[in-house]
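Look for chain A in each of the two complexes below; its partner is chain B in the first and chain C in the second.
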Partner chain A sequence: MSSTERKIKVLIAKPGLNGHDRGAKVVARALRDAGMEVIYTGLRQTPEQIVETAIQEDVDVVGLSILSGAHMTLLPRVVQLLREKGMDDVLVIAGGIIPTDDIPKLKEAGIAEVFGPGTPLKTIIEFIKKNVRRKG
Partner chain B sequence: MVMFKGEFIDELKKKIEKWERECVQEEIKRHPERQEEFRTLSGIPVKRVYTPLDVQHLDYFRDLGLPGEYPFTRGIHTTMYRGRFWTMRQFAGYGTAEQTNQRFKYLLKEGETGLSMAFDFPTIIGLDSDHPMAVNEIGICGVAVDTLADMEIIFDGIPLDKVTTSMTINAPTPVLLSMYIAVGEKQGVPMHKLGGTVQNDALKEFIAQKSYVFPPEPAVKLVADVIEFCVKNVPKWNPISISGYHIREAGATAVQELAFTIADGIAYVEAMLERGIDVDEFAPRLSFFFASHNDFFEEIAKFRAARRMWARIMKERFGAKKPRSMWLRFHTQTSGVALTAQQPENNIIRVTIQALAAVLGGTQSLHTNSMDEAWALPSEKAVRIALRTQQIIAHESGVANVVDPLAGSYYVEWLTDKMEEEAMKYIDRIDSMGGMIEAVKKGFPQREIAESAYRFQKEVEEKKRIIVGVNEYVDEKEKLEIPLLRVDPEVVRVQLARLKKVKETRDNERVKRLLSELRKAAERNENVMPYVLNAVKAYATLGEIMGVLKEVYGEYQELIIF
Partner chain C sequence: MRYNVEELVQKLIQGDKFATARLISLAENDPTTAQKIISLIYPYTGRAHVIGVTGPPGSGKSTLVYRLAKEWRKRGKTVGIVAVDPTSPFTGGALLGDRIRMQELTCDDGVFIRSMATRGSLGGLARATKDVVRILDASGKDVIVVETVGAGQSEVAIVRIAHTILVVLCPGLGDEIQVLKAGIMEIGDVFVVNKADREGADETAMQIEDMLNMASTIRFNETGWIPPVVKTSAVYNRGISELIDRIEEHWRFLKKMDKDIYFRRRVEQDVIEALRSKIEQMALNHVMKNEKYNELIEKVANKEIDPYTAADIILNGVIRSEEKEPEENE
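Coming up: the complex of A and B.
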């Protein structure tokens, strides 16, 4: 299949209003260095804007970085919108300041994995490689 | 006058050479050192030992002086903490105005000596709670403030002539400061008696914190409006807190934190001078804010270097004459990014080390982080431990009894000098770009910080840096056992209801007229402060006022750099 040649395409997005982008940028850079094609949305994105970009760029993975505490509303909304747009094959992962108690609920809502503070970059890269469903 | 010279230096040189050759080499052969090279947290290579040789160029009077004397390396005050401890100021605020009011009263009762307000994200970027992008974030990581009505509740029963308040607010500073002034007036406290600080540091928003609203030039114009207004009307207020904290937290090294913060300070001084205001009129009111990270000596050296650099810049570059204009007064917060989510109790120890560095570095006020902040807003118990950490340092450790006790340490003095030297190189580069506003537009500091953050993370991954509980001494079976604070969703309903009520009951014609006057003043490039104050008193909302200013000044579009 020629599709195996295609790089994994990742959208790193910052939903909500918080400006803490250190983690998002470090992860974006690490994924790029790992051979993926990475697009970073910049800050203050609504779930609608993130999904719009994901569709336009036809990404395989959406990585959501959030440290504001608003994850329980914003993250499930991104998954829901992706499904509504027929992009349910996109792997959605999250990172940031997210209490452990919230993680099962986020997974139920369709977030494949939540990477908290201290997660090695390698873990994120491997998770993506293992779980991504590449498009033809 | 240099402290070490002549024969002594010659003899020492010989002794060191002999010691290196005979003792060190022997020792290393038998017991190799842990690493081939040792570096500070910020990557400065450090030697095995420091001696008078490393500080022989230092001139005691020129480079150190006595406490309270130029260049203030040893502290801005003569007696420092022998006279009065630093202000213990814990950042707080969440949920509704009522909850924040209760938290403030609790902290004052527990012995805190100054208030420090955290706002929620919508407030920080100037949106009202009923804005579509705001609803998910009302009251979550700080208190929501839409109108004067909220501020009246927050400070209910707290006499503004008895406390000082620090407000972590930037782009919307004119609005929040005006609200505070208005609350004071209602309590019968005139603005010239109000004490406190607004962050009001627009440049670091582009560099690191990213809660920018306006483009760089108008953003700095508004910063200068606030400084000018305060210098003339609110003389005890610190109208700016030039902040390295966020720069550091975004990934900068200690040198970058120091350099970019001082370069921001230079840009503000220049903006004020352009208004024709004498440097000695406003410079004494400028204040600073730094982070304190884990590398104990590096942090102490950074604080000492910062004081010396600012004093020299103010005197030599800007011709300041008053000693107070040369003072670098600063607040310190222990490092948020140094907190680990793993084994959170360990953070108490990290915070202690960082707080101790801040005190030994001569801070004027201090916030100690709570152990649970890698997870959520701190619980009451965690906040109490954080405050007790400061109280133990103050009352039990003895470090506050002697001014600048680490001066004269060959290592600390060498490192202080090194920090200044490296930071000045950055400042020269920024000057050659045309100053910090231009550097920010080019993305220079943003890029430098992203590089440092990535490099640091790589070092952690490669175990070149050990973080206890994260990449070493990991507890696989760890279960989180700290109570987390949750913000009640009821906050949203309360906040939206109050905003709605204010909009219904205020004199809407008057608000409209005052907003239009504000617009005209902004268009004429006047100082907006008096107009914002009038609008606030008529219960114009934060979002309405910021909306007018956005229409006049435009909005910033971020450079995407990673």
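Coming up: the complex of A and C.
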């Protein structure tokens, strides 16, 4: 029955201080069209707000879009807070403007994958479907 | 990872957010688990004042809910918010954006917000919305606000969940208010003209009052409550305190009423609703096990018989086999 089907729940969030969310919205819509339930929270979120939302909404995935250059501070902070709050089974991915040199460091900090400009939407969808850890 | 429902319920009752969120997911994903959860938490429910917020898209429901929550917090109350958005019937996906207007509430420990997709349910709510309200109730929230899908006409499912229903309209709807009367105009306990900073707010308020005077709708006569019309501007934070006063007035009015007329009847409706869905499920499960079932579907597909005749044949078969073995259930 479709009403009892389990859905992948994704939080798309924009940490920090930049006002550009075209990319985040495009990804949010693509994930919706792939059958996921996507929560979009708007601009200028603190890591605390993002993690609080992830808890209340009990999401499987957190997607962080960042173009401000503050990714080395904000992204690991989100992962750290998620772990502290017991949400360590959440898949965290990132997108936006992130220099390739920083990507290994972000992965070390717990970001599962980084999707730069030009990434086909299908790649993101497939990555989520393959790597999400469904809660039982 | 498996979760122990009993353990989660213990934590829920102490107001734990993580347990609240996880129990909501479990109730959303599986009706059998939902039933187990409800059976454990039911003694702890029934304390919260449940408020439904409905109205056409763009009337400012989310912003209004945000302002109301802020005001309730000022008055020392804790708040649960359930924001329902539609699921796409084509992809099964949903985009839930009500939190955009409620960002400032996110880190307040006295507020819990949950977005819900309708997942194929009609009537402006999801199947599990009522259970989600019960879970928030058991977690100790004083006020629970349910924001429905903004469709306008037929979202009356909220009547079975909320004690007090706000119908949110705004200036410029004009004749549309006339159109709305058949649907949501009949369910409002408090009418809100939001965006009252805009031109035409007084006219809209007057039109609503006219309509309410004309409509001798059953629901109002039953209780004797006369729905007030309140003008607000959620963006500018105007009229919110007055609106809450009216909402609380309605709550006091309901609590003063004879328990037999109101609260007992609601509980009875809950039982009937549960019964109805169980009977339907039971009957369908039973019928679909019938050996003739697939054969009949085939016949309908080949246009040998029509769906009604197929249903009759199945039902007759079921009734006859029931007569033969009345001990079928146990």
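The criterion applied here is as follows: the second predicted complex is superposed on the first by the 132 of 136 C-alpha atoms of A that agree within 3 Å, B and C clash if a C-alpha of one lies under 4 Å from a C-alpha of the other, contacts with A are read in each partner's own complex, and residues count from 1 in each chain.
Basically, a contact is a pair of C-beta atoms (placed from the backbone, for glycine too) under 8 Å apart; a residue touches a chain by one contact, two chains touch by 3 or more.
Please read these numbers as outputs of a predicted model, since none were measured by experiment.
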Quick check on the superposed pair: does A:G69 touch chain B, chain C, both, or neither? Answer first, second, both or neither. first
Taking the superposition on A as described, I'd like to know which of chain B and chain C A:K7 touches: first, second, both or neither. second
Is A:R29 touching anything from chain B or chain C once the two structures are fitted on A? First, second, both or neither. both
Quick one: classify A:P117 as touching chain B (first), chain C (second), both or neither. first
Once the structures are superposed on A, label A:T100 by its partner contacts, choosing first (chain B), second (chain C), both or neither. first
Between chain B (first) and chain C (second), which, if any, makes contact with A:N18: first, second, both or neither? first
By the touch definition at the top of the document, which applies to A:I55: first (chain B), second (chain C), both, or neither? second
First (chain B), second (chain C), both or neither: which does A:G42 touch? both
Overlap of the chain B and chain C footprints on chain A, listed as residue numbers: 28-29, 32, 38, 40, 42, 46
Chain A contacts chain C in the complex at 2-7, 9, 28-29, 31-42, 45-46, 48-49, 52-53, 55-58, 85-87, 89, 133, 135-136
Would you mind writing out the residues of chain A in touch with chain B in their complex? 16-22, 24-26, 28-30, 32, 38, 40, 42-44, 46, 68-70, 73-74, 97, 99-101, 116-118, 120-122
Where on chain C is chain A touching in the complex? 1-3, 17-18, 20-22, 24-25, 29-31, 87-88, 91-97, 99-100, 103, 106-107, 112-115, 117, 119-121, 126-127
What residues of chain B sit close enough to touch chain A in their complex? 121-122, 124-125, 127, 132-134, 136-137, 140-141, 205, 209-211, 249-251, 337, 340-342, 374-377, 450, 453-454, 457, 460-461, 467, 470-471, 480, 484, 487, 558, 560-562
